[in-house]
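For reference, chains read A, B, C and D in written order, and residue numbers begin at 1 within each chain.
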Amino acid sequence: MVTSIDESGFQPADPQFEQRVRDSFARQPAMTLIDAEMTRVAPGHCEIALDNRHELTQQHGYVHGGIVGMIADNAGGFAAASLVPAGTSVLTVEYKLNLMAPADGERLVARGEVVRPGRTLLVTRAEVFAVREQKWTLCALMQQTIMAMHGKAERAQHPGN
Amino acid sequence: MVTSIDESGFQPADPQFEQRVRDSFARQPAMTLIDAEMTRVAPGHCEIALDNRHELTQQHGYVHGGIVGMIADNAGGFAAASLVPAGTSVLTVEYKLNLMAPADGERLVARGEVVRPGRTLLVTRAEVFAVREQKWTLCALMQQTIMAMHGKAERAQHPGN
Amino acid sequence: MVTSIDESGFQPADPQFEQRVRDSFARQPAMTLIDAEMTRVAPGHCEIALDNRHELTQQHGYVHGGIVGMIADNAGGFAAASLVPAGTSVLTVEYKLNLMAPADGERLVARGEVVRPGRTLLVTRAEVFAVREQKWTLCALMQQTIMAMHGKAERAQHPGN
Amino acid sequence: MVTSIDESGFQPADPQFEQRVRDSFARQPAMTLIDAEMTRVAPGHCEIALDNRHELTQQHGYVHGGIVGMIADNAGGFAAASLVPAGTSVLTVEYKLNLMAPADGERLVARGEVVRPGRTLLVTRAEVFAVREQKWTLCALMQQTIMAMHGKAERAQHPGN
């Protein structure tokens, strides 16, 4: 494997990062709509999972690629959020997602990690796994750019404005 | 607006393309979950819209970027589906999405178009607009690769398999 | 062709934008290496062209995808540069490029345009055409994010720093 | 770190993969133009390096982002090529590149690896490092889709055709 990221290498600027990240996640009604849960937060890392159910599927019975994208985007975004200072919000600038295998499992798990923690822009990536009877299949790969809005605690206007 | 879409160039391989595309859309429970509707299909083009409602929002009250991605992905994918022969299904290989402004409106409209209709791979792009009191704001831009699965009418395995 | 570019919408912040953009292009030795020329600059738009020659090709005799990427990246970046204020430099944050047809022609032309001119981030796209005996074939499509470094006239550190 | 890819996990379909990959690289005049060398090939992996020199730079004296993209694209593409059967050529469908830090070093090293080795489509990623006095700085990150052209040994038409 090319990179070995030592999780201990990230120093969160905000000691309360976990509570702040979990609170932010809890304020997203769209995550409730799809019943996603934040299963782990660590400095520069975030894991989001959801159980497969009929409402989330596409025409072949797999979880819809758009739902896969939602949790990949969020896993990367909250991994970035874990590293920014208190009073700073984050916004997704863009992401690129490869759907590599059907999201065919009882459960999906998205794992995001920060690759480059810049002050203004953070680059992340995420992997999404479909889990069926303990077997994990990598079904999507994401690369993402996140913007830190310093001094704007979750009331930020979008950078485009 | 930047783009003016010239629609005259595409010849659908399947005269029944509209019914086939609309049927495929109707078979996606995830589109029902978010109450998206297919508002237009034409050769190489597709428009998908949804009304903003609390369940679809993120922490700032705008439509969640993941929902924006879902309708952008689908608008591009169904634009591609309109051009493939009968008995062929399509799969999203990958897409890249820029979120450029908050999805702040009563309604979102995603417009997808095919740029390159290859036999195996089709390249599309999509624009997503937030509409508030008749004012349209471009809030997201997508570029996407779609794979045509010839001879596999909506029962296709994913190309990764 | 799919896109018809309406140029009337952009107001350059710097009346001397063309000279500034052309000077910046002229300071890039890598553009000299591949003999690219800037054939047009307008507010929010830039065109870069090069003649095909053996040194630029890959194993099939077409212009190398990496060279195609170079001029697409630059066409988008300089389109963005045309809109920023004097004393501001621009940096490519990221881009995504689809190679859609062989770059098979006597000449390549890359046309970049700004889609969203934010203050800090600008979103652009570019199309690259291979030209053979007056026939233009769209061979690549790019979507890109550019960062404006205000108050840093071409001496900017990278935003990652 | 999210993924741990065991290099031994890839079984090359072609025992002569290394010679085939190195021959293909040697047939690219554009790689000669920038003096890139293939420093390593292993199943699912490829490393390409080049020495910094004035001709490869942009206006700030760093290696041009387009050159960074060229070696990232190639490192991913040849990593994919190492896994396909004899008599099969590969083509870049698309890639997405984040430039994260200036390519500021005496030497650049691009390391590509296959993440998903599908039969028709392979997904890869690559990292590019700038090396200065033994210090390696991650300056770019790429995610890429490659198409395998079975039965077309380096004479393939582009899939777009």
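Basically, a residue touches a chain if its C-beta (ideal position, glycine included) is under 8 Å from a C-beta of that chain, and two chains touch if they have at least 3 such contacts.
These numbers were taken from a predicted model, which means no experiment stands behind them.
> Could you name all chains that are in contact with chain C and with chain D at the same time?
In this structure, the chains that contact chain D and also chain C are A, B.
> Select, from A-B and A-C, the pair of chains that is joined by more C-beta pairs in contact.
A-B
> Measuring between Cα centroids, what's the chain most distant from chain D?
B
> Hey, how far is the Cα centre of chain A from the one of chain D, in Å?
27
> Report the inter-chain centroid distance for chain A and chain C in whole angstrom, where each centroid is the mean of the CA atoms.
The mean C-alpha positions of chain A and chain C differ by 31 Å.
> Roughly how many whole angstrom separate the Cα centroids of chain A and chain B?
Once rounded, the distance between the two centres reads 23 Å.
> Give me the residues of chain B that touch two or more other chains.
Within chain B, residues 93-94, 96, 98, 100-101, 116, 118, 145, 160-161 contact more than one other chain.
> Tell me, which parts of chain D touch chain A in their complex?
These residues of chain D touch chain A: 1-7, 96, 98, 100-101, 111, 113, 115-116, 118, 123, 125-127, 138, 141-143, 145.
> In their complex, what parts of chain A are in touch with chain C?
Chain A reaches chain C through residues 93-94, 96, 116, 118-121, 145, 147, 159-161.
> Looking at the complex, which residues from chain A come into contact with chain B?
24, 27-34, 54-60, 63-67, 69-71, 73-74, 91-102, 139, 154-158, 160-161
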